[in-house]
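Order of writing sets the chain letters: A, B and C. Residues in each chain are counted from 1.
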């Protein structure tokens, strides 16, 4: 397996962890020749998951492409905080066009490079959940369908954060946003809505689809690097907590992301050509309340009274992910793959 | 300027016919403009196309409202009101039909426009020579014969245009050319007969 | 080489010779023949370019933006609803200063849905910052694309070449298709002013706040001003190298001693010229002013063309689009041009005639009737050519009679059908 089987949970720097790892498994950040695609000085909020995720993802891609990289960014938090005119945090060739067209613009860049005989330069398109899941969906699907040679990365903080925390197609049920307020008999976002873009990407049968979070940066780097092994359309969906929009402590960003994974609300997996090839198992399933309690966007589920009915529905969706992705299997990739793709009877899980 | 209006149904090659006529005129070093009555293309709907031929550049873009010649590729359109609308007093009408002008309800018109209204069995000629009921090329052959004194196009130019248009499909080119020539001969024969009758009258 | 060729095909062959590197398009009537021809050329290996079938016009312009920013010559084509759908990206391309060239096969904008020709589509984007060139003939349509690539790349500003849908795109006429060598001599390879290059990385597309937005927009305005000279230069060079007049700012027809001048854009000028000749034969001193470059609006060229002697001058602006609530579109720019700057006929009486909306044919008899009235001073300041007042009255009566009068377009169509 390309990522380590034993996880080192620790506070502070990864320095101790790196010393114990073989060289080829060490983080990009520990390399003397590391890239620095998104340098310091940007205007992201304290504890911004997206700034962390983007930096790690692009540094990994930068390493994989030996610096031959062009990035296309959708409008959103990342674009706004990284380019406060006249400054830019980007150390790479970078283009921002519109909100809904990043996949198409990336396609254009890739086509141009091909036409000019510069297929050695690789292209990344990136944006938040708003620009990917909603307004960018048509362009994204077009890019997938044509199998254009672009790696598209979605930094999912589950709402339109840049414009003031409005609900998107990636907002989870019951979450409070500015347009799904915590009021009335069914506070927060409506159950039964939302899109699962990783599954949509898989339905296009593109070469590589993967999910990751900022809680496991090695895994994120691995997936970004792995994606660059392929040519054609690739999709990476990264969960990036937003302290402002989620109402969590900036110091808890990584912890919240980890709990999203360990509660099974956010399954971490890889797929190739429409079939799951690996899923990260959960060591011990945490109750969703551990995750929800850390975020003010779910505060209405606990105060003035605990909404056990709503929490139960959230728990049910987490449990469904466990069985659907085989997250509590003894780690057995083949069983996981077969289970997820419907080849094993339900009882076997 | 000589203006031709084609009437047919979608799928009968009305647009191609206008373009072929223009192409033939071009070969004779004349200016030509061909365009369809534009619409959502669907099979079977009545369509028109137009062709203008002149010795100087053609500037106007309006539809042909006062044609010098009408080519009616589908006789079922004769029932349409206004089909002959705008035809110049001594204009020409060529109708794709195996029947006589008297039998298609145009006897009176034919009498008034002797030698200018004829029928030609274009579909039959197309089927015989090309194997498909596409009357465009034979209609043009007929037109060339019918309007020989009016400087529309000569048969040779027409045949060259046909060969050029269907260059990548030699059998289609040959079939269309043969049908055009056959129609030319047919109409020439009809005109000769009419002249003979006149002389004897 | 002289060919008898469909307008779309002439444009496709000429665009191909401009050596585009990325062609992206989404089908919409009446542009489809252009991109189909280009696609076939690419597929057969005759044209070495990336041809992308995109999922919408918004994607088409976005792909062009990405390609142009990466340093490739990018081309797309659209019309009507498609142009509107890509509008956000149209503004974006101009704002970013990318030399994309696009054909707009002018078509009306719905509702009601209409696939026929008028200028409402391109006019809707007149403030997007694109250069707008209007072709009078298919020869000019082909030639303008060659000039457009050069103008766009010289200025780093996108250019749209407007050609009347169906009337030009689907008309077969005589066109001189240039040789590849001629086009190569006229068009140097694209040398971008800004480009995405990993070896020299820059960030393109930053957010600009109040402290600098005005200055950035001023520079776009300045680009448009310079465009007037660049366009004239391209016209002159083209004439010298290809041996024929195409493009430029304005064109004059029999205006020298005219006291009635028709102002128009696009292919209707052909029919207008025939009407002018007929009027002249009847002793009316009529002429025509064709505006080839609509954006930037060639105000000085228009003033110079119309001259500034004091003879009573009537101008009839033949509009192929309508500004509801305001009147004409071209008229507004013309009035401004004549009321400002140096020279021009200050006392001109201007009449606006809305004509040919949604593909209604503009006929010579209709024009001569209208212009004869204009010459006699009997044309109102604003009118619609060939308006069927009976149909209009019918619907107005219906509207006055009942609240639930029904959808207007359908009612009118039913009235029309009832007549025949």
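Things to note:
One rule holds for everything that comes next: a residue touches a chain if its C-beta (ideal position, glycine included) is under 8 Å from a C-beta of that chain, and two chains touch if they have at least 3 such contacts.
Just so you know, these numbers come straight off a predicted model, no measurement behind them.
Seen from the Cα centre of chain A, the chain whose own Cα centre is farthest off is B. With centres computed from CA atoms alone, C is the chain lying nearest the middle of all the protein shown. Each chain gets one centre point, the mean of its Cα atoms, and the points for chain A and chain C are 45 Å apart.
Taking the mean of the C-alpha atoms as each chain's centre, chain B and chain C sit 35 Å apart.
Our note on geometry: chain A versus chain B, Cα centroid distance of 67 Å, whole angstroms. By the touch criterion stated above, chain B contacts chain C in their complex at residues 18-19, 22-23, 25-26, 31-36, 38-40, 57-63, 65, 81.
Against chain B, the residues of chain C that register as touching in their complex are 2, 4, 6, 29-30, 115-116, 164, 166-167, 170-174, 267-271, 273-274, 359, 361-364, 420. Residue ranges on chain A touching chain C, taken from their complex, read 67-70, 72-73, 79-80, 83-86, 88, 90-98, 100-101, 104-116, 121, 138-139, 141-142, 145-146, 148. Those residues of chain C that touch chain A in the shared complex are 21-22, 24, 48-50, 52-56, 58-59, 62-72, 74, 88-89, 92, 96, 196-198, 200-209, 212.
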